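Both complexes shown next keep chain A, but they swap its partner, so chain B is in the first and chain C is in the second.
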Partner chain A sequence: MEKVMSNKLVIALYVLPSLLLLFAVIYVPIVLTGYYGLNQWNGIGPMTFVGLDNYQHLFTDAAFWQSAWHSLLLALFSGISLIGYLVVAMILSGKIKGANLLRKIYLIPMLLSSVAIAQLWLKMYHPTNGVLNSLLASVGVHNPPEWLANPSLVLLALFIPIIWQYAGFYILIYYAGLKNIPETLMEAARIDGASAWQIATRIKLPLLREVINVTIILSIVGSLKYFDLIYVMTDGGPNGASEVMASYMYHQAFRSFDFGYGSATAFALLLICLVATWVIRKVTATSDTIQYS
Partner chain B sequence: MSNKYSVRKRSHRKWVAGLTLLLSFMLVLSGCGVGKDGQGGSSGAGGKVTLKMMHLWPEGSSAQQSKLVTQIIDQYQKDHPNVVIQQEVLENEQYKNKLKVLSASNELPDIGITWAAGFMEPYVKGGLFTPMDDLLQGSKLKDKFVPGTTDAYALDGKTYALPIELNITPIYYNKAIFQKYNLKVPATFDEFKQVVKTLVDHGVAPIALGNKDRWTGSLWYMYLADRIAGSETLKKAIDGSGSFDDPGLIQAASEIQTLVDMNAFNKGFNGLSNDEGKSEFMNDKAAMYLMATWELPNFTTNPEIPQAFKDQIGFFKFPMVAGGKGDENSWVGGPGVGLFVSENSKVKAEAKAFVEYFVEKWGEQSVTQAGVIPATKVDTSKEKLPKLYVDLLNGLNEASNITLFADVQMKPNAAQVHLNMIQALFGKAVTPQQFADQHKAAIEKGN
Partner chain C sequence: MKTQAAANYPLGVAIRGKLLTRVGYAALYILLIILAVTQLLPLVWLMLFSLKNNQEVFNLPPFAFPSQPHWENYMNVWTSGNIGRYFFNSVWITVISVALTVLLASFVTFAITRMSWKGSQLVLGLFMVGLMIPVHSTLIPLFSMFLKLHLTDTSVSIILSYVAFNLPTTMMILLGFYYALPREVEEAAVMDGCSVNRMFFRIVLPMTTPVMATTSIINMIYNWNEFIFVNTFISSDENKTLTVGVQNFIGQYTTDWGAIGATLMISILPILLVFLIMSDRIVEGIAAGSVKG
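Right after this comes the complex of A and B.
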């Protein structure tokens, strides 16, 4: 095996197809998108080269920055919710009764498609016969809120299903990470008289650090480019109150038929995600890898 | 360990060079593929002509339309054995997206569906649709269309598509609910507001509205603008020769907010889709519903809707506003979709002949078979139609004006501003004056 794998032709044979595919469907379109952003183009017919006009406009476009703010809020929310996921995963990885069943319960939302989740929550939030408002009405709330129609509530109403949707995913990652920590370490700690809290904070957390770093990047970048649930549930409305960067880009390109500006927005979104990844990596970088074993 | 690593490193550069080369090859190759094979139809051996037709009536969601299209195509193929017509069917949104993508690579089908005015303009400017004036003046279709319906498909004096639908928007109402509270069909807007007030007092939602889709709320604004400021003022404001600053148009916007303040629309309307809004009406929970005639099958022929419900639905014209410049017989509406023939089609003549045939047959059968009102004139005496149809078709014959849906009339960007502003207006996030200012700015921008 060692011999075969050192043959460059063989390596190429295995690596090339996927690499080429990646280039053709990801990297080339990215470059093209950046280029389209330099043009004024309605998607049909000729493009007019306008240089950095679109990008300049983007900088002063209040609607874009509003959507960026919403994306940032979502990123913040998802980042914070990671703590909750981590706690649940820790509890599940301990020896509690029914952990197996609970794990499955947490995982199920992840198996549903985003559109199904959106439809489900649309029914929950329905202003008159939705589950939530029926419940509120039955406990005597006279005028229950219009969740998705109220500009000041709509973002929160959208964040909840999004966080719910990804719970299983992150809990699974943390769970796998926790299961990877050798039992012997915990046992040794227990013999030395460490409490459960000490085991969690002094042993499990440090050893899970790499995993946590990865999930932070996943959740923040994932939130910055989030699109599907919001598109189905509110389409960015009412009046832009739940518009995020990705939906703003879609609306510019496919509704207003301003593909140049839409491409510029898409490119900006990519840059923002790259910067975010870089910053997170810097902030969470560890100089020393902790190894107990 | 370190030795192995350096070996890998050295070969690194070669690798990158090789990859780049391969990649560029691939791009060149794929580049060649596109465009050559472009235009759908091709005349093959033996004089067989294949026409590609793309439309948006999937069997699942538009069963009757889909059946009628297939029926017309089958008949045509029988009469013209040398013609094969291939259908490609997509859902509305996907259809629009695909049309866009296909036109970017110049691969439009021979025959397809388009919307009027603002939607069509970029395609026409890009030279993708072929003019249809010869058919319009031809022996089969001359004077067959309802006056004014083809105008929305004309640009710079040429008509680029033939409409096959005509929609006007009445206010449907639930007779049972009206009867229960002793309400009469309102003739004036003041009476209308009285009806709204009575219904609100009795805890019934007066109007079903799903304004997440935004064009639904636009209908209300369009009508109020038409009734208060008159259709000419509205038309001019939209095409840029007038202005949204017109006091009548601003009054229309503030009337919308008055209705919102009266709780005239069902709860949470800005977060509900049109379908969700409609279901309030269909479940007897709301008393009125302003929607185009494409909903008629639901109130007449659709077998899935209980007959008892269908029997209790009537319609009335949008009421007159005291002191307004509008006319009761002026409707908001317009041609729905039309058929275009691709300018780059290799079988243009055959495609046009089929379109001519299609429009004619569609006009004869669409009301009875699919419940769709065609843009061609319908002889109501000839066919046995549900009463609601006859009344509305007669209303159509008396129409003094049809104002095209605003979001169709405006250019794409302005249309989006309009729709967003509608949602903001209904949600009271803007004042009527700001509503007017934003419209003005968007229309001046001209895209």
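Right after this comes the complex of A and C.
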């Protein structure tokens, strides 16, 4: 038994192809990203080693910090909306008829491609014929805003479809977590005279803590590296008003052909995501592990 | 339980309490339904304008049906552009990537969970760290690597990237299932003189069919909708997938709303269809893939 199950040749055969692919597509490129960041390079010609110049430039680059600020705003916005999702999941996990169908409906936008969602919402926001401004006009608003062309509205206008896209995903995760809590705990509390509010805050929330921590990481890190919808809908415009870190990186590398600086930005993005994960883990770490008894 | 708790209160309080719960229940229900409508309405609107001509789009109220549905919008976009080509590319790239990912992930997960070797935990860790790596931080080196290997503008570059980036999530969903497989199965197989390969292909893999189906669907949704790799690596129309093709196609038809609507509907219908048939598996898979992180 032991001998068969520790056959080195078989293990190598089973593990190495995937491991090689993992290194070739993820780990080696990450190291290279860090290294490219130390060079001046247009992607095709020779590389010139410039040391930490690109990284230093990143620190003083107002456009980068602006994009980082926008990413952070998205993270805050998503983080806050988690509270709403949690409330909806709590309601849904109560004895609600059709809960199954409802959470499936909520999930539908998440299954669609970002391009389809982006194009759909571009039409929704269309200044004259979009559904939003048509409805505003029908209730008597004469000068409805041009949502995506207005620098002070564009971020909010982009955050709404992003929230719309992911709502069902987080509701589903909370719902699954809530359904994992044994019903006997809630029954016992009800017998002791606990109200629905007390059950929600004193039993469900503490037991859901691990799940909540995971969603906080997912939503914040996901926001920091968010790209698709913004790239398709506004491409960072108007005039950088909706640029985020990932789109800034993409523009530097694949539009300005400044691969060295783009790489430095990409490496900074990676570090920011890893540090954010680490910090959230630290902040939310619990010493006491939850046990259902 | 409820009647017991109510019995402790005077009659009036109990009735008022019941009335309040009923009103509260209705309010919660309305909240859930409003959310469901919000998630669906943009898609309903999309479907409606995909069946209208421009005149109807601009003159009818947004949610009005066209007097006569313009199904020819669908015919026109399918025959005039490369949509059919993009569609076919999406299908076969998705199928190959999903099959490769699930098979490779099964190999690795089997070796890690069922076979004994030093370094299995280290290898597992390497794959799991891959979960936190933003795609963007590998994009520039991947592009230049593929360029050197003459793989840019080929489907190979896309498939390799999809498989590598999907391996960690897929393994995460498989892990729990593999850990739960009973040891006796292997013992019996080894007693009968079964080789590891035979055991894996004939016994273990068939036993994991349900979880493989779940991961396949999750992978399928991801690959079908993926944007940034195709947008970066693929330049010729011939090799584009539906997501990126749709984006370019719409760029040329910015004014014909019916055509745009029909194009978007074509790109999202396959996913909606799969969801309609397999929604339970999808919901379960998404929940499993995220919470266990």
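As a working rule, the second predicted complex is superposed on the first by the 275 of 293 C-alpha atoms of A that agree within 3 Å, B and C clash if a C-alpha of one lies under 4 Å from a C-alpha of the other, contacts with A are read in each partner's own complex, and residues count from 1 in each chain.
Simple rule for what comes next: a residue touches a chain if its C-beta (ideal position, glycine included) is under 8 Å from a C-beta of that chain, and two chains touch if they have at least 3 such contacts.
This is a predicted model, so every value here is computed, not measured.
**Student:** First (chain B), second (chain C), both or neither: which does A:I191 touch?
**Tutor:** Once the two structures are laid over each other on A, A:I191 reaches chain C alone.
**Student:** Would you check which partner chain A:R255 touches, where first means chain B only, second means chain C only, and both and neither mean what they say?
**Tutor:** The answer is first: A:R255 touches chain B but not chain C.
**Student:** Considering only touches as defined above, state whether A:I230 meets chain B (first), chain C (second), both or neither.
**Tutor:** Neither partner.
**Student:** Pick one for A:A24: touches chain B only (first), chain C only (second), both, or neither.
**Tutor:** both
**Student:** Which holds for A:L112: it touches chain B only (first), chain C only (second), both, or neither?
**Tutor:** In the superposition, A:L112 contacts chain C only.
**Student:** May I ask you to decide whether A:L32 touches chain B, chain C, both, or neither, giving the answer as first, second, both or neither?
**Tutor:** In the superposition, A:L32 touches chain C alone.
**Student:** Mind working out whether A:L74 is in touch with chain B, chain C, both or neither, as first, second, both or neither?
**Tutor:** A:L74 contacts neither chain B nor chain C.
**Student:** Given the superposition on chain A, which partner contacts more residues in chain A: chain B or chain C?
**Tutor:** Counting residues of chain A touched by each partner, the higher count goes to C.
**Student:** Contact-wise, after the overlay, does A:L82 reach chain B, chain C, both or neither (first, second, both, neither)?
**Tutor:** It touches nothing on chain B or chain C.
**Student:** Once the shared chain is lined up, is A:W147 touching chain B (first), chain C (second), both, or neither of them?
**Tutor:** first
**Student:** Which residues form the common part of the chain A surface touched by chain B and by chain C?
**Tutor:** After superposing on chain A, chain A residues 8, 19, 24, 28, 43, 128, 254 contact both chain B and chain C.
**Student:** Considering the complex alone, what residue numbers of chain C touch chain A?
**Tutor:** The contact residues of chain C facing chain A are 1-2, 4-5, 8, 28-29, 31-33, 35-36, 38-40, 42-43, 45-46, 49, 57-58, 61-63, 104-105, 107-108, 110-112, 114-117, 123, 126-127, 130, 132-145, 160-161, 163-165, 167, 186-187, 190, 195-197, 200, 221, 224-228, 232, 242-244, 246-247, 250, 257, 260-261, 264, 267-268, 271-272, 275, 279, 282-283, 286-287, 290-291, 293.
**Student:** Which chain B residues qualify as touching chain A in the complex?
**Tutor:** For this pair, the touching residues of chain B are 11, 15, 18-19, 22-23, 26-27, 30, 97, 100, 103-104, 122-123, 125-128, 211-212, 214, 266-272, 276, 280, 285, 412-413, 416, 420, 423-424, 427, 429, 447.
**Student:** Help me check something: in the complex, which residues belonging to chain A touch chain C?
**Tutor:** It comes out as residues 1-2, 4-8, 10-11, 13-15, 17-19, 21-22, 24-30, 32-33, 36, 43, 88, 91-92, 94, 96, 102-116, 119-121, 123-124, 128-129, 131, 134-135, 138, 164, 167-169, 172-173, 175-177, 187, 190-191, 193, 211, 214-215, 217-218, 221, 225, 227-228, 232, 246, 249-250, 253-254, 259, 262-263, 266-267, 269-270, 273-274, 277.
**Student:** Touching residues of chain A toward chain B in the complex: what are they?
**Tutor:** Listed in rising order, the residues are 8, 12, 16, 19-20, 23-24, 28, 42-45, 122, 125-128, 146-151, 154, 234-235, 237-240, 251, 254-258.
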